[in-house]
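Each of the two complexes below includes subunit A, the first together with subunit B, the second together with subunit C.
This part shows the complex of A and B:
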């Protein structure tokens, strides 16, 4: 019996295990994780952004190519010659779900709330070094920076740039994002039962969709219901049986078979960049030794991980960024550290004084080479970690794995209790990821490596402030070369995500932004 | 035989060792179960000699292989030989069971017998035991993992902790029955010390009841320990442990069902064999059933 027959049996057995909400105009999306909040400025996970993009809008939108900035709430914008002042002209026909008209005051309030130092927001740094954000009339925003910031327009397309209704935020207080969000997006908040179900209804007045969609609004489906179905088999059975219409959480083992399934369409977003890597906390005793970090890079067979753990739905990652990433440094793609060479790894460790003990694991001055790796206990992470652990053992490194579920993991990797951590992180450009992970000031998170380097900070500043794309790329290349040379990560693979949808759902074109594959969902229909 | 020994003899005569073996072997199901359990225990002990591969050696080129001549029980998601891992996994699974019934049994029996003998502490001790009985073993395991961190030690601690009140309750019940008999009063009347009364008169006369309970308990603790391993609270990777091996294969259930099924089958066999043997021992050892 193959797995499809097994699933078919399960479906019959399940009967109507999932409450039947599907109707002609209700899109049922199946997911595996929920967010703790849908306040777009407090939440950072993809689980929040995939809904935040539907509930609210940003000033500008990101095209499917993940590069081109398109109008959304701002119909146009200009940038001053020195790159420090952005002036946005807002649409005057935008309203929140509550019916309140959106004005420049809402935009100023939103951005100032983001920058509020008393209630620090995790993505505040992405707003740039702001001098002032002011309303110059009901439809004009002047965004002034202390220094140029060429990532600004891109970062304003992200979830944290969602424009909020001040009255709604004030009225809900601490419950904002938990009991409701009044946004200008194509869908409105109807109900949320945490870790169970979220229901959004169509925003009837919506007509300001970004030009990347044929339909500018209102959305074609009346409701979207997000249901939690954490188990892979149950989720796939529900999609195949029609109890769910769509899921982003497609187990990789099922991709090849789903492509052949008659009633399910499987698609992947173009220009999706996500890298799975192991970060080394270099202030820990074992990880201070660069030879250990280099040996770890040489010990791992990335090709086999991509092929066997990801079933071919990933490419090996010898470098820290996907080769298609804007401003990727090609010089980092073929370094010796990116190649599987366990013999060289052993030589490095021997030369560094790490000698194999009676059980084959290495020691130095009585200290066992036994780093602790923290992992998220979901998806392909356990298998990846187990494979890495096996490779490490082959060169005498006794890697210890500690697995946590999603509720605990991000708290645990904000501590200093581990030597290494495993993460898969999406990004749009070199600047997007480098400025997050490698700035000295971003310790202990997201710079969990504790990398402190003035030269890196200088290059990042130069990259961010460059008006010339070539200068920007050169500076970002220097950063990439330096962090690769210091073996600060063990990059593993650049993976892929998929959308599996019932074939009755039309016009599903996945968007790559922060794994929020529906994005605005304006063209999706039955 | 002196007078005291004569008085100490219980009403029902316990079976001799030869009788026990004869009756055990006469029960075919018990004999097969005992043989199976013995084979599994010996295989686990001899795992380093029997295992055809290093249970920790990954080989992604051979990942997710179904059973064949090269890998008798197939390979897991990282190409590790499942047969070798099952042999090593049984060592830990059996160790969990043995440790928890031995230590938990000793502690529980001591508490139960003492409570039955010293009436002044009986009420307090048994109310504490009643409180402990209210905690499910899984909950104790979660608490132990939270305090000590996930690991085999936390699981064994939880299993011991969960076993103690059960055994204490059984031991106390048996000891109260024995303590009400005249030979104990007689022993006390001739001036025997508490130590002698407790050990020779009370504990030894409760031993068969406690032993039978522990043999049945053995299967339960294996199941609970495996469940804790499945939840990730037990042995940590790459250590092979049957519950954790089942959890490792869960994500690939439909693609490679053997990865999750095989460790579960071995858990099933161990528990079934232990229960059948325990059941048979009860039939054999209980003097009342003999009579």
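This part shows the complex of A and C:
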């Protein structure tokens, strides 16, 4: 804990039992960052999706188990035997906040806007290899693919699948998502002051909520006000004193204190998957040596990181995916590389010809074993990197750390100037993360490891196109086994997120989709 | 006087252009890329290239700056690269909260610093002097975030006496007035110490002047001697200090703004610079440069009111 956290802890340690200020039917949510836009096709950050899910709806919804697809704007759907054609039957009682009725034309317009090649959208690749998307009547959509894509229904539950009102998008032009969004969601846009506050009001006509909620609509709270409070201590004090009702941004050092607070309830979503890992850029001279990569995996004490840096609010990660992830390969959970074994790490390095110099750090043919690790200078990243640096020194690896601000970090890790990078990445399934990070064609980003392997690409294709879930799982398991065997990452921990809410707020059941824990917020009440 | 003010304003035009050029060049050094923010970590190179082209960032630097400058000279500050919002609109949202916060911080810090410094000078060597100096050293030494956190802890959180989250409204509303108290105390806390120390030093010098002894010998009451004769002369360096601090506070209140979630110009400028959102960063830099120029001009004009010798020159 640093000195700033100590002071913040002092703030939290006082006056736990203070009564909150009544909020009426307005839910005040405190957050740390704002989005640059609320156009669900332009924005990619969690800060946008947590609002986008309230303002708009997708054709299908994801259940709390993060596996089961449920109806939303589409009341039913069928998939052709070859897996290439999806036919959606839309509800005929859905309207936008403006009162305009939603039809299949809006759906076709939305998806074609997403796929516009002139104005590329960041998530367009998640729509599959589309042949055509057409309206077959006012309530029927035919979505044709050039090749099977079994992730389609899942990706249509994400923010970029939000159905837009064509007239609204055309009317606002470049200001769409900035001056307003006319969605079909349980809440409507009222006002937005960037970096300060966003107010959503209840969509009175809403009655088509997904079956994962007891209440199908309208929402029980009249308004939701999202306030930016970037400072951790101020935000936590505000929730505990009633100046805010709820926050997703709970610093891990405060979890134990908040659990003791009588007026605050802490909950965590089930099936939330986010893994913090160090990626190895294997085209760099030092990282080409698989023995070095294996030694690094053996040198790291993951249990210690979970306990000391995450205050026990994380699970050590011997494998690349959380064990609860759909299509997780159980065979990767107990490999020797996932176990802390510095003695074995030293043996591997010795055998590979990396000999300790006078200062204990290793070198080979005059080259010092001193890889460069790029990290994001926020959250637990600096502490994790420093701990890893310590573990590496114990086996004679002189790890150098270079830290960057969030706005610079992703630029830096798009280059070829580093040996390793640290990232914490959320995902919903094995296919979700494997297809992004490990396809050869996705080099240099997001395949920052520069992994080129035809076999991997073949298994990913087979997994993505499989109509049989068992075949899909088998192919994804092969990918996981191969990348683990090649020590392409140093997985560290699977971390957790929490919601801290005033106890006067009822029925807060966090949803794990893209850290948008409120999701539709239909059951939340006072 | 009008000619002098006009001359100063005209000189400020090349200064502003220079600030824009230096700001633009410095922004190129910031190792961030707005394209990365827009594309997200998973986007492919193809999508990144498309966004870069849309933003015009694939053009040579001199073309980017030249077209920006032409727009600015036509009165168009452009649009934010990140949010696509009009820069003028973004600035319009950020300037009032910052001006309010600076004004309210100075409203208590200037009289407070002047009173404490004068009191310490009059009671030189006594316990009052030592107490005031100890307080001012504490004021200078205590980090602004510590003072803010303590106010949040006791006044906002423990006693629940005042709000500490965000700007509830403009200053002319009751909510706005109550909501600005804690941020203004925090920000003003930085100013009180330097003003008190400067006031004490300059007042002590003036108290020893012949004309002050003469005034006392003529039987002028002590209160009048201090307020009308001593303080007026002592004010010149204090006004300079206050002017510099005011200009600094307009852009340098980032810590206070962050602690109290205050949506001001400091946060806007830092965010824009870090994300290399150059139209927005340039807009913020220009406003801050303009504020420095106008405050310095006001200070110079105020000198002429305080010191007839300056007026004669």
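Just so we're on the same page, the second predicted complex is superposed on the first by the 502 of 526 C-alpha atoms of A that agree within 3 Å, B and C clash if a C-alpha of one lies under 4 Å from a C-alpha of the other, contacts with A are read in each partner's own complex, and residues count from 1 in each chain.
Rule of thumb we're sticking to: a residue touches a chain if its C-beta (ideal position, glycine included) is under 8 Å from a C-beta of that chain, and two chains touch if they have at least 3 such contacts.
Computed from a predicted model, the values in this text were never measured in an experiment.
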item: Subunit B versus subunit C as contact partner of A:253, first or second or both or neither; value: first
item: A:93 touches, of subunit B and subunit C: first, second, both or neither?; value: neither
item: Subunit B versus subunit C as contact partner of A:232, first or second or both or neither; value: first
item: First, second, both or neither for A:382, with subunit B first and subunit C second; value: first
item: Partner chain(s) touched by A:359 [first = subunit B, second = subunit C, both, neither]; value: neither
item: Touching partner for A:393 - first (subunit B), second (subunit C), both, neither; value: first
item: Partner chain(s) touched by A:403 [first = subunit B, second = subunit C, both, neither]; value: first
item: Partner contacting more residues of subunit A (subunit B vs subunit C); value: C
item: First, second, both or neither for A:301, with subunit B first and subunit C second; value: first
item: Partner chain(s) touched by A:174 [first = subunit B, second = subunit C, both, neither]; value: second
item: On subunit A, the residue positions that both subunit B and subunit C contact, one per complex; value: 7, 233
item: Residue ranges of subunit B in contact with subunit A within the complex; value: 56-58, 60-61, 63-64, 77-80, 149-150, 232, 236-238, 248, 251-255, 257
item: Subunit A - residues contacting subunit B, complex; value: 3, 6-7, 232-233, 251, 253-254, 301, 304-305, 307-309, 377, 382-383, 385-387, 389-391, 393-394, 400-403
item: Parts of subunit A lying in touch with subunit C, wherever the complex brings them together; value: 4, 7-8, 10-11, 14-15, 18, 21, 30, 36-37, 42, 44-45, 119-125, 174-175, 178, 193-197, 227-231, 233-235, 237-238, 240-244, 404-408, 410-412, 414, 423, 425, 436, 442, 444-446
item: Contact footprint of subunit A on subunit C as seen in their complex; value: 30-33, 36-48, 50-51, 54, 79-80, 82-85, 90, 93, 145-146, 149, 152-153, 156-158, 160, 163-167, 258-261, 263, 267-268, 271, 274-276
